[in-house]
Amino acid sequence: MSTPALELTGLKKSFGKAEIIRGIDLSIGKAERHAIIGPNGAGKSTLFNLITARFPPTSGTVKLHGESLAGLEPFQINRKGLSRSFQITNIFPKMTVFENVRCALLWPQGYKYSFWNLVNYKRDLTEGADAILEQINLLERRDLPAGTLSYAEQRALEIGITIAGGANVIMLDEPTAGMSNTETDYITDLILKVTEGKTLIMVEHDMSVVFGLADRISVLVYGEIIATGKPADVRADPRVQEAYLGAALEAEH
Amino acid sequence: MTDQITTDPSKPSQRMRAGSMTITVLPWVAGAIALAVMPAIFTSNSALTIMNQMWITVVFALAYNMLLGQGGMLSFGHAVYAGVGGFACMHIMNMSDFFAAMPLPVLPIFGGLFGMGMAMIVGSFSTRNAGTVFAMISLGVGELIAACSVIIVAFFGGEEGISGDRTYAMPFFGNEFLQQIDVYYLTSFWVLVSAILMYLWSRTPVGRMANAVRDNPERAEFLGYSARWVRFYSFTASGFFAGVAGGLFAINYEILTEENLNTASSGVILLVTFLGGVGFFFGPIIGAIAFTLLQTVLSLQTELWAFYAGVLFLATVMFFPGGLAGLLMMHVPVFKLGHARSLVMPYLKTLLPAAIGLLGLAALVEMTFHFRHAALGDDEMTVFWTTFDTHTILPWIIAGVVTLVGLGIARATAPSLKEAWSAANTAPPVTTAKGGAA
Amino acid sequence: MKKFTKLGAVSALSLIVGASAAFAENIKIGFIDPLSGPFASTGTNGLHQYEFAVDYMVNDKGGVLDGKNFEVIGFDNKTSPKESLIQLQVAIDQGVRYIVQGNSSGVAAAITEAIDKHNRRNPDSRVLFLNYAAVDPSLTNEKCNFWHFRFDANADIKMDALTDVIARDEGIKKVYIIGQDYSFGKSVAEAAVEMLGEKRPDIEVVGNELHPIGKVKDFTPYSRKVISSGADAVITGNWGADMLGIGKSVIENGFEGPIYTYYAAGSGMTAAFGESGKGRIRLIAQGSINPIASEEARDLYNAFLEKYPEGNIDQSRIFNSIGMLARAIEEAGTADDVVAVASKLEGMEYETMWGGTMYMRPQDHQVIQDMYVGVHTDEDVEFDFDSSGFGIVTESVVEMASKDIATTCEMKRP
Amino acid sequence: MELILVNLIDGLVTGLLLFMLSAGLTLIFSMMGVLNFAHASFYMLGAYFAYQISIALGFWMGLLLAPIIVGVLGAGVERYGLRRVHQYGHVPELIFTFGLALLIEELVQFIWGKNQMPYNVPEILNFTAFSIAGNSIPAFKIFMIFVSVGIFVGLLFVLTKTRVGMIIQAALSYPRTVEALGHNVPLIFMGVFGVGTALAGLAGVIAGPVLGTFPGMAFVLGSIVFVTIVIGGLGSLWGALVASLLIGWLTTFAKSYNVRMEDILNGIGFSTPENMGESALRDLWTITSPQIADILPYILMVLILIFRPAGLFGKRHQ
């Protein structure tokens, strides 16, 4: 069997006395679409932040393609091909939409910290960014400051920035949070389109999105994964029903 | 509340975008021509001296804005890098053999390199954080080096500084830079080159990422860039151009002293940059020109120049946080819409009386000052071409009436100006910067 | 003052453009000193004295060269060498050929060097530098040049006179030297140690210390050291807030002996010391104010007080410099050829109304004159300072102080 | 040994004076995120107002009235200046206070001129409280200690025992929550700014007679107050106190004992170079502690920022 795209072993995180993540083992295969669900306060965002080194873990390891990420800074992890979005929109609001995407292309295209290249004259950057904009349907907004976009557009832009670099592991933190139904559908389609052939890990509340997108689902409750499996299996799991899903599903109807 | 001294995107000042101009050669050509023609208009040596001072400040302020405007780093000790570069140049000037083999126009490069070296040393620990921590480290380092300048006499020359003679350099195509006009062209050349290079820097990957890190360091990290290294590179580049400014200073004045390093100079460059406007590449240029005129020309006219400068500065921060450049640029949409003409009359109606009122106010201030501080027998003073006795009531009444009437008319016509302004701006959706006040 | 309130008299830029000296009648004297900023009070007082001096001593008496008047133009250098050089250029463009400056030896060094270069590069618009108060010895030693004339005694000469007086006081066995940490403070300390060692080898220097200039908030720790060293006298070259700070602090914290100073009078300082400094502060100066040296000086002082009731004449050298300049111009028969004027200034002997004779040494352009050591008191004070009732009363005179003091100056004449 | 005691007292006076300034500044900073560059200018205003009042009404009225006037002025600055600039973000706010500091200095010169004011210790306190080995401790210094300790105790009481104090403390950490609870946060801001500047004014009133009342007095003290609160940890009152005393004693002792760099370097194993006159490092070797006493706090600050960016008592992490 090939090495998993992302592998977590015994991951724990405490803030002071409170143990938020209480030993997580999880393995996500290549090109798998994996959703992490769970009630509020279960530690989903914390888990994301541990994987991307926003916080250091208390114990345990994170491996990307079999390589340990311990001690690496976020930017180093990103360079290894893991890219993420944020729960709260996290873009460069003063820059134009186009520039937002272009910034995401700089490192992956090998421009690094160079000061002898002029970005405006680089066709690969311009075309690459425009291609992404086309994918996320923001080409018309290309030259507007990103801060002036609508919320849904900003979320789309955020996804665009996240995937622009061509990372093969994409992590999306609640991509549809706070959206209307039509907007949600739009974003779901977008995610399907842009993560084609890539590993996707997402935290999501909207069950329709989760079941529509995910190959596998993990249920996180109080810092522990209580179930992992195919959507149908998870839906059927009595513990999940009890802990979370039942209540959530009922609330949906 | 966060410790981050980065500004919030939703706020008006943020709507200004550094370097939103597209690359075009035209402004640079115009700038070059202006630089070349200026000495034909202002011929005297003192005008040249003042213009040299302006251009040096322009380079320094642009370098400073690489940090503040483009990188979001607030430095309270940036004079250090210009100063160190300048001192290094001064020492090179005094190394007679080496200097005699070097044409003078090359000297600022050395200033730049030393400024850059200094910036690399300090940047290695100060750029880890932006915000308050960076600002306070810059203040501390600035104070330390300023204090060192009087203690470490070998390099900084103590209170008297280090002086030299630029004419001992290798003649540059027969030119020994004896006259101010020679130095003027040298300075102008460097100002143009530095400004172009700094502008191009903002178009490079690391320059673009400086903006990204300023706005959102965390996001930048998740795009593969280390915020710290991006800051470090900005800081280093800024140190280089500050050093170039220091080198130009050395050539111009042939002396460097403690004042080139001290916190007052660092503060001045902050004021200059902010006055001009940090949001636009050309903002600091306007700021440098305005401030130098204020400092050297207004101070010839009135002892209270610093008072007026302070008022102007506070007014800028309060009402036009985009600075003078922001004030100019908020008219761009109006011009684009072709409504500029509709603003001329309302402007005249409001701003002219306002200006007269303000001049009246300035006269009152001057008179008060004179009344309070002049010698007892010296009752006469001259304000605006008129000489009168401040101990009689009439001048006070006149100045008071002028002030009241001027400001009164301005106040009365202000609403119609506001209307005209919004009318001029309404047309298809206007999303561009409108500045702080209308 | 008039010059400064001429707001917008000439529109800003045309002032720079229309550079050349259009009004040839007046002989313009450019006063480059701080008129704004922390040291502005000293600068402004100096400007007042200069303006008064040219009117009273020259213009009201018919001017020089058959009716040409002196005109003093103030230029604010904000105590900055850079600004000084800019203003120097502006002054030269306005037709100024005589520059007077005094505050800060650093600025003086910058100006004297800039003038030397300017005169070399622009023989058509040469200028003279009349230094009325910058006392760093180097200006008339290694940094001397033909264009610079010093009308004040330099730091070494002052210390020579001070130590003469200290040496006469048998009661003094231990002295404490404290000064600002820069070239002037250091040269004061060096001179004091050297000269005391020569004149009174038995006097022990129990402390010799420098503090950061203009940065000390509280001098208490320094005065504690002075007191615990058991010093009988303190010597300090401090000026401005640092002088007041150290003086008040040593007295307040229990020091009983005399404090020998360079700059502890006028500019609000006499008033601030007031009763606490009485009989304690001693000051080296040229010219005697109390008792006034001559009737002429008394008339002048009274006329000055009429104009500036709260003013002080704490820099009598200003009047000497104007008097000597006027005479040199008369003797040279021209004000435009500064080389001729400078040649007349060299070696000039001038009877000053403030007592004694001034002699401008040709070899280094350092004036040699009588030095007076006075005491801060309110008794027998005819002319007080700062309208405080307190003033400086002369205690001892050193005639033609240090007239043979060595110089390393190698004067290059044009 | 007596000298140590004397220095302890002197350092205490300096430190407590610094505390009165830094206490207000740190409160203002932690609430509003504003590094108020004009804080020392309010200290200067306090001294000038007190001087002006003392001419007419005597020292004690000055002590009472000047801080109040300064506080009202401070509150006015917050209400009509800072609040307006607040919307533009922190950098413009900081620059606003920077400009304000310049303007206040100009205004003071405009009104009172450039000379030092003869603002003196009141007669009733103008005596020597006691002497230690010939070093007299003036009664006014004892008075200063009492006033500043009183202020500290009062501040501590208000912050920890009263309702207003609770709200302020809460607003320090959770301004949004406090606002959500229905408290008028802008009013609290204005109040804290007013009180903070009034404290600075009070410091000016009691420091003016000892340290001199002149237009440069704010500049001399200006940045050192920042250094204090940064070392102590932004937003921490205890930190401000500890850092103030630390700086007070550090500078006092550094000035009182001539520790020479040469001795230190020799002590850690470097030998003095032979021909020092030539060496470019000469000046480094001859440094003595009084020379650098006043820049020691800056060195301390830079070191602390590098190794512990939150300061000694700071809780916030970047």
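So that you can tell them apart, the chains are marked A, B, C and D in the order they are listed, and the count of residues begins at 1 in each.
Definition applied: a residue touches a chain if its C-beta (ideal position, glycine included) is under 8 Å from a C-beta of that chain, and two chains touch if they have at least 3 such contacts.
All figures in this text were calculated on a predicted structure; none of them were measured in a lab.
When the partners of chain A are compared with those of chain C, the chains appearing in both lists are B.
Chain centres defined as mean CA positions place B nearest to the mean of all protein CA atoms. Chain pair with the larger contact count among B-C and C-D is B-C, by C-beta pairs in contact.
With every chain reduced to the mean of its CA atoms, the largest distance from chain A is reached by C. Separating the centre of chain C from that of chain D, both taken as means of CA atoms, is a distance of 35 Å.
If you average the Cα atoms of chain A and of chain D, the two centres end up 48 Å apart. If you average the CA atoms of chain A and of chain B, the two centres end up 44 Å from each other. Chain C has residues 36, 40, 181, 212, 215 in contact with two or more other chains. Within chain B, the positions touching two or more other chains are listed as 14, 147, 151, 304, 306, 369.
Here, these are the chain pairs in contact: A-B, B-C, B-D, C-D.
Partner chain A is touched in their complex by these residues of chain B: 9-10, 14-15, 17, 22-23, 200-201, 203-209, 211-212, 215-216, 218-227, 229-230, 233, 237, 431. Residues 36, 38, 40-41, 44, 181, 209-212, 214-218, 220-222, 224-225, 227-228, 241, 244-245, 248, 252-254, 267-269, 271-272, 274, 386, 388 of chain C are the ones touching chain D in the complex. On the side of chain D, the complex with chain C involves touching residues 3, 6-7, 10, 13-14, 109, 113-118, 120, 128, 131, 133-136, 138, 210-212, 214-216, 219-221, 224, 251-253, 255-256, 258, 288, 290-295.
Those residues of chain A that touch chain B in the shared complex are 52, 54, 73-75, 78-79, 83-84, 86, 90-95, 99, 102-104, 106-108, 111-120, 144-145, 147-148, 161, 165.
Residues 41-47, 49-50, 53, 147, 150-151, 158-161, 163, 165, 167, 178-180, 249, 253-255, 257-260, 293, 295-306, 362-363, 366, 369-370, 374-378, 380-385 of chain B are the ones that touch chain C when the two sit in their complex.
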